[in-house]
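Note that the chains take the letters A, B, C and D in the order they are written out, and that residue 1 is the start of every chain.
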Amino acid sequence: MLCRVEDKFKEECGVFGFFNRDSYKTSKITYYGLQALQHRGQESAGIAVSNGEDIVSYKQMGLVTEIFNEEILKRLQGHISVGHVRYSTTGSSFVTNAQPLSVRFKSGYLALAHNGNLINADELRSELEDKGNIFQTTTDSEVILHLISKYHSLGLISAIKETMKLIKGSYALVLMTKDKLIGIRDPNGIRPLSLGLLGNSYCLASETCAFDTIGAEFIRDVEPGEILVIDEKGLTSERFPEGRSALCIFEFIYFARPDSNLNGINVYIARKALGRRLAEEHPADADLVIPVPDSGNAAAMGYAERSGIPFAEGLVKNKYVGRTFIEPNQKDREIGVRLKLNVIKDIVRGKRIVIVDDSIVRGTTSKRIIDALRSAGAKEVHVRVSSPPVKFPCYFGIDTPTKKELVGSTKTVKFIRDMIGADSLGYLSIEGMLNCFDGKCKGFCTACFSGDYPMEVPAEGKKYLFEKR
Amino acid sequence: MLCRVEDKFKEECGVFGFFNRDSYKTSKITYYGLQALQHRGQESAGIAVSNGEDIVSYKQMGLVTEIFNEEILKRLQGHISVGHVRYSTTGSSFVTNAQPLSVRFKSGYLALAHNGNLINADELRSELEDKGNIFQTTTDSEVILHLISKYHSLGLISAIKETMKLIKGSYALVLMTKDKLIGIRDPNGIRPLSLGLLGNSYCLASETCAFDTIGAEFIRDVEPGEILVIDEKGLTSERFPEGRSALCIFEFIYFARPDSNLNGINVYIARKALGRRLAEEHPADADLVIPVPDSGNAAAMGYAERSGIPFAEGLVKNKYVGRTFIEPNQKDREIGVRLKLNVIKDIVRGKRIVIVDDSIVRGTTSKRIIDALRSAGAKEVHVRVSSPPVKFPCYFGIDTPTKKELVGSTKTVKFIRDMIGADSLGYLSIEGMLNCFDGKCKGFCTACFSGDYPMEVPAEGKKYLFEKR
Amino acid sequence: MLCRVEDKFKEECGVFGFFNRDSYKTSKITYYGLQALQHRGQESAGIAVSNGEDIVSYKQMGLVTEIFNEEILKRLQGHISVGHVRYSTTGSSFVTNAQPLSVRFKSGYLALAHNGNLINADELRSELEDKGNIFQTTTDSEVILHLISKYHSLGLISAIKETMKLIKGSYALVLMTKDKLIGIRDPNGIRPLSLGLLGNSYCLASETCAFDTIGAEFIRDVEPGEILVIDEKGLTSERFPEGRSALCIFEFIYFARPDSNLNGINVYIARKALGRRLAEEHPADADLVIPVPDSGNAAAMGYAERSGIPFAEGLVKNKYVGRTFIEPNQKDREIGVRLKLNVIKDIVRGKRIVIVDDSIVRGTTSKRIIDALRSAGAKEVHVRVSSPPVKFPCYFGIDTPTKKELVGSTKTVKFIRDMIGADSLGYLSIEGMLNCFDGKCKGFCTACFSGDYPMEVPAEGKKYLFEKR
Amino acid sequence: MLCRVEDKFKEECGVFGFFNRDSYKTSKITYYGLQALQHRGQESAGIAVSNGEDIVSYKQMGLVTEIFNEEILKRLQGHISVGHVRYSTTGSSFVTNAQPLSVRFKSGYLALAHNGNLINADELRSELEDKGNIFQTTTDSEVILHLISKYHSLGLISAIKETMKLIKGSYALVLMTKDKLIGIRDPNGIRPLSLGLLGNSYCLASETCAFDTIGAEFIRDVEPGEILVIDEKGLTSERFPEGRSALCIFEFIYFARPDSNLNGINVYIARKALGRRLAEEHPADADLVIPVPDSGNAAAMGYAERSGIPFAEGLVKNKYVGRTFIEPNQKDREIGVRLKLNVIKDIVRGKRIVIVDDSIVRGTTSKRIIDALRSAGAKEVHVRVSSPPVKFPCYFGIDTPTKKELVGSTKTVKFIRDMIGADSLGYLSIEGMLNCFDGKCKGFCTACFSGDYPMEVPAEGKKYLFEKR
């Protein structure tokens, strides 16, 4: 079994778009942009390019650097592009569901990259199928293309608006036509999408770190409910009625790269603030604060700063481990964890340790880290988590495991503490978390912690019905 | 440039289907079946498998043996399969247009393998697009799936009949649903499709040689206009009004494997008969009859038999040359021909040679062969072609080059003779060709020779409009 | 199991060399030359190139067209080259034993391609190891390089002569130094090697078909015992005392390409003569003569010519089958044979058939072909073999199976006939075979048929000791 | 151009060995061990395995996870293994020079993995060549195998001792015979090598982090001049006269993984101490201390701790960037740096920054980082380097660039400061560096800083003579 074992919540996608009005190499810029977004999805990637007359597309399973080479990038000629990286939520290892999705319709062609999840795709798809529509994929994203095509005679923007009236859920979209690049965010703005400028050429990306990579300047976020159209003449914006702003707070906690800014707030700085707050809520009598790298680094730094306990890197990550063969047995799985993370024994020996992580999913990795720390001679191990327990499923694009596997949803903190073998365990409170964002709190979706969804959601059992049909 | 240079007319596809009612490995049988049909298309191949609940599909550019390996075949689990090999008529080197096409619709899912060409796909597609339908490919085949889905509420068989009322052109189809395998041939039966039986399991294939390979027994041809449904219970057949029987005669002349039988006639035997007739129409005063291997072998054998001139293999084919690097210059192109074919000098030296080929497309390869024979010391080179000059474009699945390139359509026999440097040149006549099939002649499409199409066809200029949009 | 099943004797190698004194692309010419020799070995291939200052080399498992691409050929820059194709006699599937072997020594560097087999490599190697020499491979060929290096202070040609005094067995060598290309044949000339000229550039090849492919002119064979040195100034030749001329007669029977000439005799013409003689020795009362393609074609043609029985192609070969997955069970093995060869039923039905093959190794393929012919309705099947039974092992480069597997060595003709299920079986006699070469017979090694080896050979059991240590 | 751009000194190798006396999968353990050592060489990797009767080996260009898959690991059957990762110092992109080197000699076979560099390989090779020895590679390591074989009649250990009398330079060796695994370190112990125990099975590795990964226990370092023999019966140790202990101090500064211990000292802790000392020697009036990730992390932490200036992660590394296409132009090179490292603008804006790095090679990356920090609004940028300027070439296994490129060797600190655009620049002093190791200082090679080599070295110009011939 070739795997990339991580006991983490999974983001489904990263999207990128480029409208070349200079002499850049469109596919090259897109390739670099997708590399900057690789953390948002490592299972497949794709690029579609339009030259104004036709569209060429290439997508495969694998990392961006594995999929594309010079020859393929050269064959992707055009001045508009859409790119996508994906973490596949279904077990399917074939490439069918990879994006961008490219289709031809009455008004030419469309390519779509979607980050998010539609919660009524099932019903919409069923209605479309009643009328004879056929689907190439099992993705919710394909429904969007069918609807835009259905309303094509109204003109593109009106067709998009009709589509937005029908679809419910989260969506940050980059849509390409023959001569336009369009960025769209759902009315709640659950998934991020930003606008950048490189020379005279606009770009769209899930995160601002992609702009830094290609050397573009951040202009502004695409607004919740906004339809932002980029063409030869420049920018025009249409607004669909905005809803309650509800950016996924997990973007700050874990998904986004620390060098990205969302809603004007830097992710690293936010994580450090969460760590400071965590220190206030759950102090510890300890000698060292150690992050679980890399995602716990900033919060651990904040925890150390506020608590006054010295910060130390006691866990080292192997940066060369990608996909590796792990046979599905206990011994190999343990090697799998040690291939990624190793304890510096001389640092932890005889010490009382606070380890700071951003979240706990199944608890298996936490347990192995604590065991390793104790084997290395740590006297006490206190676990601090810079987010509240995840108790509710996400319907908007995060692959939360089933309730059974998700320890936070069914077990008490005390139970989890014992299960992972920690001396103490503290999670950040929802209020504490929101306080770190100074009054911008109304702007977040915190449903996975609170159950307070920004819109009506299906009954639990139905959640994956769509993907699995 | 990595290429597979052949100056031949190109068939677009081979199709295969299997309904496993025994304990065979479905994907393995399909893999072997496609290898037997590899001569019908070498650019891409694919297999889709249904297990009654879901469909898995894999397709790639390349030869069957290059695309599939043990691991991939294992992942293609199910008891019904559709397979396809394709020669791509458009320049696109990406995999989008490869088949089988797999889609999901109201009544489950469909996978389609199509050999042939629809001549009114453009209009049908336009009408579908008017109603909002979106297309994933630029193939005519996708139109068929849209139409079946459009009429799905009538039930599958009625939906297929409605579709057949609308589509015009040639089609040998293998269609797979959740629980059925369906073979369909257009009312003229332009492209071949046969039914076989392996144990208790039925199979469909473009040519009977695929049955021999997997060890199946030939049952019968699917009839023109027939809809042959295979399911758990066995066979049922529905008939769409049959038209004038018009099997493509080029299947006999060049495309089909010599060990296949079409319409009950063995291809090798038919080719030999064409060669005998050619000797009657165009005798030659010569010392040796030499085939252009492999496609000219049978006709040359027939020519030698009737003329009494000894048969000899004076041209040797390198069986290991597949795709090879040829730089696009004169010297490399010549090496390209010599890599494939070499003259046995000691056989041809000082001799008057008749070379027999099945057809002439551009004439460039003929010219190089004649040059090589003369360099090797041949005293005279007489060319005999076991089919009439190709003068008209094919609208039904053969990739005829443009009129400009197709020497037969614009040049006289005398001109061609001088161009290729032959001492004499003789083509078989249309009547002579048809006589070889003893009264079965009304059953053929000979339009590329005669212009007498089995149905109304578009004006010349529009031919590739569809594929190229 | 990915395999290339053929029940044939295996040649071990093909060699090629080029000394570019014009503006050809050295590695490209070598690549084309090796493609022409691909039939002599399909397991690995390699090219080494010298630019006068350094050597670059690339070798891999696989076919020439699979191993080399444009980028790799570009990296092989220089004006002298050595190339090699190999059928690996040992089970090792890794690349270590592939050739050319490239080494550095006191006088610069050497690259060697060897076709043949040394029978005293074991002893020579042991003596070298006594003195501390280390070996990178398990090949006999490496011993040659050690010996040349050992005598380097005598000068290159003298070192080669000293080496030739020591080594026993068969060797056609192409050797490259910084500034020379050298062709060497063992004193008996057991393996073939010829000299060609392309422009002002000399080339060496195992068979003349390689010259035809690259457009070179055949000059002459390298003589038994000759050391032919090509450098900037031209050709010089040194002679080692010649022994009894003993070209392997199996080159004519099966190994060589029909368009090659060996010792001035064309292979195809020789095979046809063997077939004619076979008809005289073993006539048959039959309706059709059918070759086992491709290797039986010429002999069958000769048999038909002499016997007056009509020739027919009743067995068709699938030209697209290379390596394919065959699970090691009876059913799959049968499919393996049918993938390669298929019977044209309409030709053989009701007929008394003579099938002509060049040789029988284990008899398993013969049996399957006969079974298939009978299933197709053949009334009688008579087998004729255009060579005598192989009764003795080859020590000179042919991979004869063990006595147990080699039916000819232990079983009577009658037993074999019954085993393969033939109605009659006839092998060509040794005298008959030699008569076909009109008095040139003293020039051949026929030891595998007669046991009359051109030099003293080791006791049977020791044969593969060397390769297997 | 596909590249892995880093402006860092390059270690040439990592070595690993395993003697399986339990039921582990030998090649699997070696595969995991090499992954842990991947930071020591990313250009090629290889594993050789002995089963007591024969040796199998596989090596390729690329990362360990790219080269090996389940099938290849399965083919590497045996109970003793040697593994190697390599950074190739020469431009050769073919696999010839990859290790382990496997050879056969009088006493069976040997496989060798070598970390280090012999300074008299050239002379030794020349003497061996005089006697007729031939070489397969251009590596110094092959000389070792020739010498051991030369003295084989003395017995293995004596042969090794004779070899050690002759070779000069640095070498940490893992040597495998039919039934032994042998670890050897040069008398100065320049390159590290440690002994571990997994169950009853011994392992050898360049760094202790490999033991942690496979779950083995660290036993002790192999001593300078020690020949440590592991066989079925256990451990035996032979000593070659030890020289002045001179472990390469750059292992601590940059090469080794922070979780490894060398000479009993943890690398991370040592780096932090270097940072503290740096703060004492070169204080700064600044707002933030920012490391250049990942290699500057520990030193920056120490600098911040001692200086009292807050530590912050203002540069973020993209962990998914491996080899990527960079066209050789200015714009793409800049993107190359930004793909790897990005500034968090909100952290650095308006601040006076100290950036801490472990070393400066060419200065180009430092310049780009400083430019990026200033663009992001940093008010001042002070650079602190946790090692002295590298002024002298390394002859013992580190790929120092030529003097011209190595800014430290020819330019003043002031010049470098201006070149990279820093407000101030401070390097750690040699004394300061050594003080951090508390009296263990006599044990280091610091020649690249001081010119004080642990043995006589060749004149500068000759350094790469060997590799380049």
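By our rule, a contact is a pair of C-beta atoms (placed from the backbone, for glycine too) under 8 Å apart; a residue touches a chain by one contact, two chains touch by 3 or more.
The structure presented is a predicted model; accordingly, all values stated were derived computationally and were not measured.
When chain centres are defined as mean Cα coordinates, D lies farthest from subunit B. Inter-chain centre distance (subunit B to subunit C, centres taken as mean C-alpha positions): 36 Å.
Rounded to a whole number, the gap between the C-alpha centres of subunit A and subunit B is 48 angstrom.
For subunit C, no residue reaches two or more other chains under the stated contact definition. Taken as a graph of touching chains, this assembly is arranged as a ring, one closed cycle with exactly two partners per chain.
Interface of subunit D with subunit C (complex): residues 56-58, 75, 93-94, 96, 102-106, 110, 126, 129-130, 132-136, 138, 145-146, 149-153. Of all residues in subunit D, those touching subunit A in their complex are 2, 28, 31-32, 35-36, 38-39, 42, 63-65, 68-70, 73, 209, 212-215, 257-259, 261, 266, 268-269, 294, 297-298, 301, 305, 310-313, 316, 318-325, 327, 331, 334-335, 338-339, 342-347.
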